[in-house]
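Structures follow.
You will see chain A twice below: alongside chain B first, and alongside chain C after that.
Let's turn to the complex of A and B:
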């Protein structure tokens, strides 16, 4: 996940917002672009978005908070999404997820103390015939077991 | 020698990228002339990574292949499965929608055309809008996203609506557990979806289309985005579509993790940049959809099936099927199953044949206990209902729904009370919040099931009553259909609810 070291400048933010303004329904593409760049939607971007789209801060908050994807604070350096849906449950996904959370000492949406990994639930990755499944950042992993999960977490620095 | 290593995300999730890299480096080391093609998956997910080698005498299948198998694969000493097309799984299918998936290079338009691609669009480009809509109606195609609404009727409504702008919106928010057909076709044969949307646009008079693709599918997003670019450069999209003088272009839009956005009105709100809250119907999206304009909202598989209907003709498609379920079902066999994957066949095959014969029973080897058909909002079917034929009406009569034709198999260790609880919990997490029976009912549902688990004898009646309220009082299928898995678990597997009660007493 790309992350700028310093707080983003107005110019940087505007450069990410402007290319989407001609779209029909530009808000989600703007939020995705910002989150892809910074790992979250920075506070400094909010007034720029509301100004550009002529919406209220409340409307923007309403949209941001509706969707599971968008965050207004940074996550851990890596985000591990573990599938909780039925097909993965049928092959031991629940046990795997619970063991992972217990081992890391976090709850769902929690971040490890060293800031390396945030664990999130996801409801289906479309890997239903090769579960249990998870996604580390944008990389999909199927046929997971505790050994592979431990290796993934170690690699992510958890 | 040509080597096919799927770039499908299911294959990648079990190591296909590493295998492809190992083949490339091993081939380079030996000075072999190997062309590696990252195709889609053939749908035999239990064999992934399934590598195919073509030495000039057909494509021979190997799988699951590990990095350690690669030297043997190139030596010709690795045990193979035989020619891919001769495998039982492939031979028994009727591949119409998925004919090219896993066969071609997904991003080669030349490969696509060589396998029948664009023939349907060329034919449609010479037809009037009304003729196109009539062809789809005659094929009997029904919405493959779950509701099963006749596609032709939907298109006719949009065609006849008078508006300065109309839209084609593809619902690629495939959030249902146990379903991956949309993902497979978008990653394995993206041009067929583009072609289907273009035909829809010519049919109803739309100039703009959107694919609303869930963010959980980064690989599908990447492939579809590239495919749209390639199609535009080749004139399949744009101001003069295939030289027809008509305009159609499209964009890929990425969802943001809300399950309810798979509901079409919620999806439209999301596409407009709003909260993905469900809209009341009427007005139908066909009349007032995206930005208030007439909009065709169709599922990926519905649209991806349109090209083959135009290529082979409506009657050829309608000749497959059962009753009012025409054509093929793209069965997705998942969960605790020995042979999981995608199996396309005419409607009418029985549930039991799908699970036991095609799927080979459970992966654990234990008895099957239940099969959830149609996603998280579908009923849990017990083994006693295994003779139910796969068909919209046939499932409805047996207390279930076929939905997107995803099947999740559970063995006898599944706790159906927990599955019912999960259905309510999921509804509570994903509810858009617009209507009370869903927003509040789902939370109360979790609590009520916990009371049953704790031995409260009166709570079962309360749960039944609550499910009635949710079913009758919810605007969309999330609140309205959550009672399917809950009540099917309660009525078909009463022991899982009673045991808890007796244990507590």
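Let's turn to the complex of A and C:
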């Protein structure tokens, strides 16, 4: 995940949008490209996307808000997604999640004050056999307990 | 009062009608035959069986989300949704079985678990499909209970029992003045979102979030309904099955108990509406599904902007005054009519028979217009009658009459569904004719191509999901050159439909025309320097139109309101004949008429040279028909046109005017000249709803009635005669036709009409194209398109089907003669004028409604380059000056207009854009050149002296003395 300190320019944004315009459903690839580049979909990109695809901001908002992974503000440096689906709940997932939130002093979707970690809920990571499970950035982790979670969070700098 | 409910079916059939080969199936034991492609739900409805539903409605394609309409089909597994399942031959359907009943009850139970049970205090009580369906499926209980220690998760309670805020709850959105969005009532059926997309084509709404978080949202994350792209057409409100999107009037007043079908009195589309009432209180206007012009759609004006009818500015008592410097005095009807009649007669005695005249209204009914011109011809005994069509579509009448033989559009609005290539020239349908624009946009989304010819980048050039293939952004005043250049490309590249021309058109005239357009001086390359349209773009557009299939041309005042208006209309007719595009579905030449009854007012003989049915007054046979019917001698000399009346008034030979439902001071060009003409008259009778600008110069004011208060007919742009029905008694005491009759009687006429149907009978008896029209026929058919006579007993949806009305279509040369109005060092910019969606014409009606939230003042659009060199910034006050006059208004910087062109609207009298416009006019018909004025724009501190003087004079002229009783 690369990161730009300054606000992205129109040219930067347009360069990320243009390569996808020939596709038959170009909106999701464009949103992915922007999020990959900036960690979120910058507000400045919205009018450029609606203009390029000739759609309204309502339609764009509908798609953006449907997919929880698209962000309109940057996340922390690391994103920890804790599974809240039934299998993980059955083996202590709820307690693990609540303890984690309490330890960091944030609510769901919240980011720690130092900007290191954002905690998000996720509904099943496909690791039902080895719950409680979580995903730190792009890496899935099973058989979590509070000790392992603490280690992960420490590694992430929270 | 009797309700006039037409026999046609108003039920919701669930999914749209289809066309296709017949398919027979069995539903609940009944055989039903429907077109292929029909849904099982609609087939059931055809058989009289309503399958329970929530997300389906017949104005929208099936969606299949609510799962309430499930049925069982023999031989198929599971329980398919009847809305998304097409019928098949021999299919056996059961809409009621233990299994589906149980499913429906379960689905309904889930819906109701997240819906407030406040039906008794709900605005949709009695008009709620959710309520109806709960009843239909037999829901008796909701078994979902909250987990221990917590409330049941829901969207409708602002706070839980402990007083904590409910994060799922969202406040009402009351930003739109006409309707309220209450998310608490929403069942997320998506009908509103789909209506905005499929019906209106604005795409302003979406479903935000997913799953339990889903909710309807206007615009982006930070938008409200008002700040979103929403155009307030009301399609979402009409589609909503609950109280989630509800008219504010229903919230305030309650659900209506009766309805009357009538016709909108705004633009020339002529939408049919159901006026829904409690007693004589109008609760809401709902677009009528079986209206053939609008097919169930509406715009913000017709749907919501009817508040002017009850506005405090409305004048309900007649008034007179000796001189225009005096205050008005309220008097009885008898006194006002006696005063007016005496003055008019005295003027005729002193200054001659032809010293007085009338102006008919394009907003009044056919019957009323007929009476006003009859007043001129049969009581005043002259032909001094004219109408506002003079200033809008008179070139259409002339141009189409000369080439095709009729003075009207060739198609019905349904025809747009068959078109492949559309040229829109000098029209802005999304603002001026919104319901037609929605139908056009739907066709464009299906793949039809669009060519826009307009100096300004109108919304049709590019907006959500539509984009014009070519936008020819010509310099104002060069329409003829562009149209002739299109013909040049078609002729020189051999793209014309020669077989069609040989069969249907005058071949000699074609050869002459072809020789004319072939001339290299008409080539796009040669005209580019004049028109500013790139030659390659114009060539591509011509090729597209000539070869792209069914080609239709829609045009508006941007064509007619020029020195060469008639020439451009002829050029358009030539283009249609050249490409074989007249006489069938999906093609044609379609003038988008401005006012609700401008077609009708022309048909009814409002022009000084034409008796009803476009027949010249010099024709003794035609005069004979009316002389016999009316028992008078008709003057064989054509009378004065509006500009001639004003000129004659200034000269002192024209002294008296009866002006019905028309504000010539604001709407006609060169305001100062109009004011001088009116001021020189000795008896100006204004018959209107409000003390309009013209009334500042009037001696008699006769209060008018609104379209809600009278019976009659309007004729729309597709020649469709629609009934206007009285939904309440006239607040001023008389319908307008009665007022004209009273004036005629006061002047000695023996008129004795007791109902407008008698006037229509007189029209039918004297006018061949209306020969078959009766109120009985209109009751039976809903509406009928003229000609309606023995040859066409059901009317004529498409004109010129088996050949042109005049015999052979006639090509006419279209030499371009540039306007005298030219830019120069003092006036380097070109001003062109137009309309905005929320306001209508001079704004007398819409300015007196909540529509002002969208447009509270006229603004001047200017290109940023032109603004920069003048030191003008966004929102600053500027002075707009021409050779005729000057005014001041605020500016908006936009690249919608090209450099060198500025644009404004004329909806507000305090701007008076027509102070600027000149008295140049069309060579054939005197239609004023509103669309081209050389101007200069400079920074200013505020209103000009003229505007301040005008405002002072208007205030002085509008004083009313208390009634002397």
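Keep this in mind: the second predicted complex is superposed on the first by the 158 of 158 C-alpha atoms of A that agree within 3 Å, B and C clash if a C-alpha of one lies under 4 Å from a C-alpha of the other, contacts with A are read in each partner's own complex, and residues count from 1 in each chain.
Just so we're on the same page, a contact is a pair of C-beta atoms (placed from the backbone, for glycine too) under 8 Å apart; a residue touches a chain by one contact, two chains touch by 3 or more.
Owing to the predicted nature of the structure, the values given are computational and were not obtained by experimental measurement.
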| Does chain B (first) or chain C (second) touch A:58, or do both, or does neither? | second
| query | In this superposed model, does chain C or chain B come into contact with more residues of chain A? | reply | B
| task | Considering only touches as defined above, state whether A:66 meets chain B (first), chain C (second), both or neither. | result | both
| query | So, does A:89 touch the first partner chain B, the second partner chain C, both, or neither? | reply | first
| Given the touch rule stated above, what does A:148 touch, chain B (first), chain C (second), both, or neither? | neither
| task | State whether A:46 touches chain B only (first), chain C only (second), both chains, or neither. | result | second
| message | Per the definitions at the top, what is the overlap between the chain A residues touching chain B and those touching chain C? | response | 62, 66, 68
| query | Residues of chain B touching chain A in their complex? | reply | 9-10, 12-14, 45-46, 48, 174-180, 182-183, 208, 215-219, 251, 253-259, 270-277, 290-291, 332-337, 340-341, 363, 372, 376, 406, 408-411, 414, 419, 422, 426, 429-430, 432
| note | Listed in rising order, chain A residues that touch chain B in their complex are 23-29, 31-32, 53, 62-63, 66-70, 81, 85-91, 122-131, 133, 135, 138, 140-143
| said: Residue numbers of chain C touching chain A in their complex, please. | reply: 202-210, 217-221, 223, 228-229, 462-467
| message | List the residues on chain A that touch chain C in their complex, please. | response | 46, 54-62, 65-66, 68, 72
